[in-house]
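Letters A, B, C, D, E and F mark the chains as written, and numbering starts fresh at 1 in each.
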Amino acid sequence: MSIKKSPIIENLRKMQMIELLSKERRLDGRSLTDFRPINIKVGVIQKSNGSAEVSVGNTKAVAGVKIETGTPFPDTPDQGLLVVNAEFLPFSSALIEPGPPDEDAIEVSRVVDRGIRESQMIDLKSLVIEPGKLVYCVFVDISILNMDGNIFDAAFLAAVSALLTTTFDKKIAKEDGSFEVQKCRLPTRCIPISITSITIGDAILVDPTEEEESVQDSRLTLTFNDQGFLCAGQKGGSTGISKEQLFKIVEISKAKAEELRSLVKKVIENA
Amino acid sequence: MSIKKSPIIENLRKMQMIELLSKERRLDGRSLTDFRPINIKVGVIQKSNGSAEVSVGNTKAVAGVKIETGTPFPDTPDQGLLVVNAEFLPFSSALIEPGPPDEDAIEVSRVVDRGIRESQMIDLKSLVIEPGKLVYCVFVDISILNMDGNIFDAAFLAAVSALLTTTFDKKIAKEDGSFEVQKCRLPTRCIPISITSITIGDAILVDPTEEEESVQDSRLTLTFNDQGFLCAGQKGGSTGISKEQLFKIVEISKAKAEELRSLVKKVIENA
Amino acid sequence: MSIKKSPIIENLRKMQMIELLSKERRLDGRSLTDFRPINIKVGVIQKSNGSAEVSVGNTKAVAGVKIETGTPFPDTPDQGLLVVNAEFLPFSSALIEPGPPDEDAIEVSRVVDRGIRESQMIDLKSLVIEPGKLVYCVFVDISILNMDGNIFDAAFLAAVSALLTTTFDKKIAKEDGSFEVQKCRLPTRCIPISITSITIGDAILVDPTEEEESVQDSRLTLTFNDQGFLCAGQKGGSTGISKEQLFKIVEISKAKAEELRSLVKKVIENA
Amino acid sequence: MIDENGIRLDGRRWDELRPIRIEVGVIKNADGSAYIEFGKNKIIAAVYGPREAHPKHIALPDRAIVRCRYHMAPFSTEERKPPQPTRREIEISLVLRRAMESAIFLEEYPRSIIDVYVEVLQSDGGSRCASITAVSAALADSGISMRDLIVGCAVGKIDGQIVLDLSDYEDKEGEGDMPVAYMPNLDKIVLLQFDGIFTEEEFKKAIDLAILGNKRVYEILKKALIEKYFGTVEEK
Amino acid sequence: MIDENGIRLDGRRWDELRPIRIEVGVIKNADGSAYIEFGKNKIIAAVYGPREAHPKHIALPDRAIVRCRYHMAPFSTEERKPPQPTRREIEISLVLRRAMESAIFLEEYPRSIIDVYVEVLQSDGGSRCASITAVSAALADSGISMRDLIVGCAVGKIDGQIVLDLSDYEDKEGEGDMPVAYMPNLDKIVLLQFDGIFTEEEFKKAIDLAILGNKRVYEILKKALIEKYFGTVEEK
Amino acid sequence: MIDENGIRLDGRRWDELRPIRIEVGVIKNADGSAYIEFGKNKIIAAVYGPREAHPKHIALPDRAIVRCRYHMAPFSTEERKPPQPTRREIEISLVLRRAMESAIFLEEYPRSIIDVYVEVLQSDGGSRCASITAVSAALADSGISMRDLIVGCAVGKIDGQIVLDLSDYEDKEGEGDMPVAYMPNLDKIVLLQFDGIFTEEEFKKAIDLAILGNKRVYEILKKALIEKYFGTVEEK
């Protein structure tokens, strides 16, 4: 996904954008801290245990959850497994080539994984059938359908919405030692939300478009749990960031996370 | 295996061939429905459980069968396994590069696999040692040694001839619960035969050479069982085919399959 | 690692070198049978079971041994496993690209493996926990840090020195059937030594530099056990060698192996 | 699988299609795209190109090259499918590409490449037929010149009877499956595969039925394209 | 993990670094290299370039491309690590590369490539931070123009307290880990990742502490570079 | 493995070769090819080239590049061998290539490439030696200029005795194996590998015996080439 940009055009566009930003305006008319319209549909893939299609502006992702049984890791015999995998579908952008996930797709997988894992959204300890031998494995597969910036938050919203609506056939041990299969909801504890912002000069822009990302200085993805605590973070971009700007982003993102969590809650309640 | 052909030469050759075809003649003097000389030698690889070397004109293939034990698929616990794998050896043509099988080799593997599987040639249910746990796995590996068109039928003949002469050490359960090892023939039920034809304009050519394939419109590989029923089929070529031409090919191929089956039978009886 | 050499410069350098060789001198002032300074440090990687860093002139290698449990091969149920793996780190030379080991790195792995295995340095039969089921697996991983010719001997010295200082937690069966874990030395029987020489015209040069290797005719790596018997050998280079020159190299190498073995012994005793 | 009244498990008669829904232009970044629901199949096809071939040496002087990737999402199947392409996916990519090559005027785009990507979000019986229909819609959406549209629909044999458009269950438990893709105006078959046991008569009957079914799919495809490009004032 | 006297398991106070040793110029063939011991971490970083980009089409007309491989030796971890790169190693390669790109004057080397290779011979907590410090020393050793040096050092949360520079055990058993890399003269953060649970206050405290720690690492790095290039007459 | 009369398990004496059969020109499409049966080994070698190097940047201005792939068919061994190349196959490809490079007049074919492919259809002891003999026949068949033909034949140590040309069983159960390839007219060894335990005397004896064996293989190879190119009027 390396892009050869003409340095002249790139600079011109950046100058124009910075001029707009000095007036706190963006090319698409949003305020600096506005998200683009967010659309969440759950239950779109009936063959999965849980699924969601999410669009954030023109960026579109679909996530599907599959729950299968497997062997736990030797060092966590009493925990189920969580596997997050993101693929940038080759039709999502003219710049994506088919093939195994590149470093950018791997970064998305790992950032989403950490956000879900560290917020302790899923109670992995409840996903054990036989300690050390057989546990449930929660596969979260995210396909990016169309790219227009801020892949992280679209992928994260899709993953979280899919998990919140996941059900599966759980083996329940009966008194006589046999098993009963019961349809259960995946046990979740909170709704983690990730918020991605970029900096261009002094300005902080929430939910950047691809065009904005192309002239970004720094990018920052922060994940918050229900209490508004930070549970994961990842800096991107090839320019340093000052402490002051960083703290400002934390403040803005914390507020945005509240907004998005309400939105997700409403969708889930109406599902 | 993408070939850069000069469009002018290609068209000239095609025009010449079509002129000949209008007189029902081919470049090598055959009639349209003649096969090239077929040669089948069985038992060529002593270390395998069954083997055959087949030439169809200058196209040459060798197949070797190995029978090993393995675990059945969860959804067919009472069946042995069949694995068909074709490799285009890099010396088989100036255009083949070493490396894992490309789409053309994979197509050959899968078409041969379907022909054998759907004709129910092998009684997979008889290849179970312990249901759900241990079964025999029949590996059919086909190496294409030299390419001159109609890879499909050479590969198929080699695979079928190898299977028809396959023997293996079978574990037979004895009354006292122990096992006895007995040399057995692989249980087969029929001799499936595949027939490949191409169309060039209105003409139908059976057993095409590489030169003929290079100007083909459609290609069709049809597999027949002993009763003359169709059990697998695959269209190739990047031109559409009419229903009438298709039905004509079925008629011709059915008759050719009878011919080739007699030939295979004779070879096996004399083996 | 294919190098495009200018044929003119290469020939000039070779002529200069041959002139020097005719006076039994080398570019760095050594006699033909001298090794460059050898430096061996053991115990450099505390997290491994055994380790050594070796430099031979500017060629530098580090080896680490890990002992884990695994399943024995079906045909040697009563033996532990030995796995040798060499990687040419991408910073070891301007010509190395990151990626899986190429043919040259695989050759080093396999030559070191054969030298250790055939000298019977490690008593693999003593590394069985439960015959046919559970054995110790000795992983010897060698990383080449810097390349200046004679990778083979640097890698071999590192591997052997690491193995000679390897300790591991061994399960000892107690009378009551339970297991006790005891810290043990890896049981070794001898100190195999490999000696690499090249020929340039009639001259034989022990421990070649990269510059010398670049104009070599033949290369020969010979491994000797404690009794001075040959236990493995590998010819390199793209020129044939005469019987007489070969026998001469055996003679020289046998003496050099004694020298290097004394050196290794001293290092191990002082470790 | 067919009851005494000739009704199949999902309530269809022998010559009925499952419900089909086609939406054109679903992927903003692509030059052309379409989404199809065909039974429980949910498939997106999208086209990039004609664009400059890269690497250059793969280009042909007199026509376009078509590349095709058919891929199934890990969550599209009953059991999770590992993301890397299987041999089945590679073969389907190949037969889809050939079908397209028979419809596109390749010689109008020398030295260029047309990339077609198919993603199966949910799979059901007949996914390659649904895919080629979606691809054809995506190609039309992209404005690439074609001899004809392509539509696809399978036939099969269950309980000894030739029926139209097998569901997943009918495919698995039945006696034969035959995916067919078809150019309706040129009356040509551009994709044909089958396995199972068919007599010569059954084969002919199957082909006839497939063509019938494909003509119906064609009407649905046409309607979707017209809706996209000319709107449907009256019906809305 | 912190006793009543505020002492951690390895004897350090909350704001103490583990011992650090940096040696510059350890790989003869490389254009620049450095070795760092940071706690039990033992890491080599080496630089080749700026050199001609190969294959040529990856070159950029106005600046250098940086490639980075972070790799762990199979013997560097408790359990043997298979040699092929994991997703974790690929991600760390990416964040290290971005940190470098923020420091190097890339536009001084148009059309060229800078290859940076990091090999972890022994791993401990904070290996990506130790790596970026080694990389920065290797880049300085190679003479490539930089805006500033980069240093790295993690902070974390154990027993509810923000502490400097987690060891392996503290990382695994603690409540949060936050690797930070920093350009001390430009006062900018160039690498930041974290996981765990931090309140906004804790986050700010952590960043402040990371900057403090990084300033100390910077002193050690400067000393190592001065020793290499100017010797240290008085101290020896 | 040797009885009191000095007879080996397969009836041979210590200095006897297994039966050898060589056929030249077996692969129609190749520029040169040969088939060898050497004991139970059944091996085909074929040559394409000299041809234009592709990709071009791998070409050398002053000589040809040789590429070699040694590969074993999945059915060639006792247990089925998975089709992808093993480390053993990669190493043998390398040593075969070096042997060829010592015989071919590479400088006669600047900027070009010579591809040599070896396929083992059935393997037995000494397959790399049989392979190099087949390769040499294939190169001769292709008309590529060579300094000398190459022949190969192994020696080994069983029951403490140096013997010629180990069978599979002797190789596995014996005390040492030494494949040797040789240019008979130039009297040079071009491939040498060994493992096992050899005293210096045994080593020398082994080399002498290998040369003796190779001279006999050479006679058989010469005869096969003469038969192919000049026929054998008298003997037939």
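Keep this in mind: a contact is a pair of C-beta atoms (placed from the backbone, for glycine too) under 8 Å apart; a residue touches a chain by one contact, two chains touch by 3 or more.
Just so it is clear, the model here is predicted, and its values are computed rather than measured.
Visitor: Which chains make contact with chain A and with chain F at once?
Guide: Under the touch definition, chain A and chain F have no mutual neighbours whatsoever.
Visitor: Using the contact definition given at the top, which chains are in touch with both chain A and chain D?
Guide: none
Visitor: Suppose you hop from chain E to any chain it touches, then on again the same way; how many hops at least until you reach chain F?
Guide: The fewest touching-chain steps linking chain E to chain F number 2.
Visitor: Tell me which chain's centre, taken as the mean of its C-alpha atoms, is farthest from chain A.
Guide: Greatest centre separation from chain A goes to chain F.
Visitor: With centres defined as the mean of C-alpha atoms, identify the chain lying farthest from chain C.
Guide: D
Visitor: Nearest whole angstrom, what separates the Cα centre of chain C from the Cα centre of chain F?
Guide: Distance between chain centres, rounded to whole Å: 27 Å.
Visitor: What whole-Å value do you get for the distance between chain B and chain E if each is reduced to the mean of its CA atoms?
Guide: 58
Visitor: Could you give the separation in Å between the centres of chain A and chain C, each centre being the mean of its C-alpha atoms?
Guide: Measuring from centre to centre gives 48 Å for this pair.
Visitor: So the centre of each chain is just the mean of its C-alpha atoms; given that, what is the distance between chain B and chain F in Å?
Guide: Centre-to-centre distance between chain B and chain F: 32 Å.
Visitor: Spell out, as numbers or ranges, the residues of chain D touching 2 or more other chains.
Guide: There are none in chain D.
Visitor: Give me the residue numbers in chain A that touch at least two other chains, ranges are fine.
Guide: Counting only residues that touch two or more other chains, chain A contributes none.
Visitor: Taking the touch definition from the header, please name the shape of the chain graph: line, ring, star, complete or other.
Guide: Shape = ring; chains linked end to end, path closes on itself.
Visitor: From chain C, moving on to its ring neighbour chain F, which chains come in turn until the ring closes?
Guide: In ring order, starting at chain C and going to chain F first, we get C, F, B, D, A, E.
Visitor: Could you pull out which chain A residues touch chain D in their complex?
Guide: Chain A reaches chain D through residues 44-48, 51, 58, 60, 62-66, 68, 85, 87, 89-94, 98, 100-101, 139, 141, 143, 145-148.
Visitor: Okay, in this complex, where on chain D does chain A touch?
Guide: Going through chain D, the ones touching chain A are 27-30, 33, 40, 42, 44, 46, 48, 51, 69, 71, 73-80, 83-84, 115, 117, 119, 121-123.
Visitor: Touching residues of chain E toward chain A in the complex: what are they?
Guide: 58, 60-63, 65, 87-88, 90-91, 93-95, 98, 101-102, 178, 183, 186-200, 203-204, 207-208, 211
Visitor: Under the definition above, what is the set of chain A residues touching chain E in their complex?
Guide: The touching residues are 2, 4, 7, 103-104, 106-107, 109-110, 114, 117-118, 220, 225, 228-243, 246-247, 250-251, 254.
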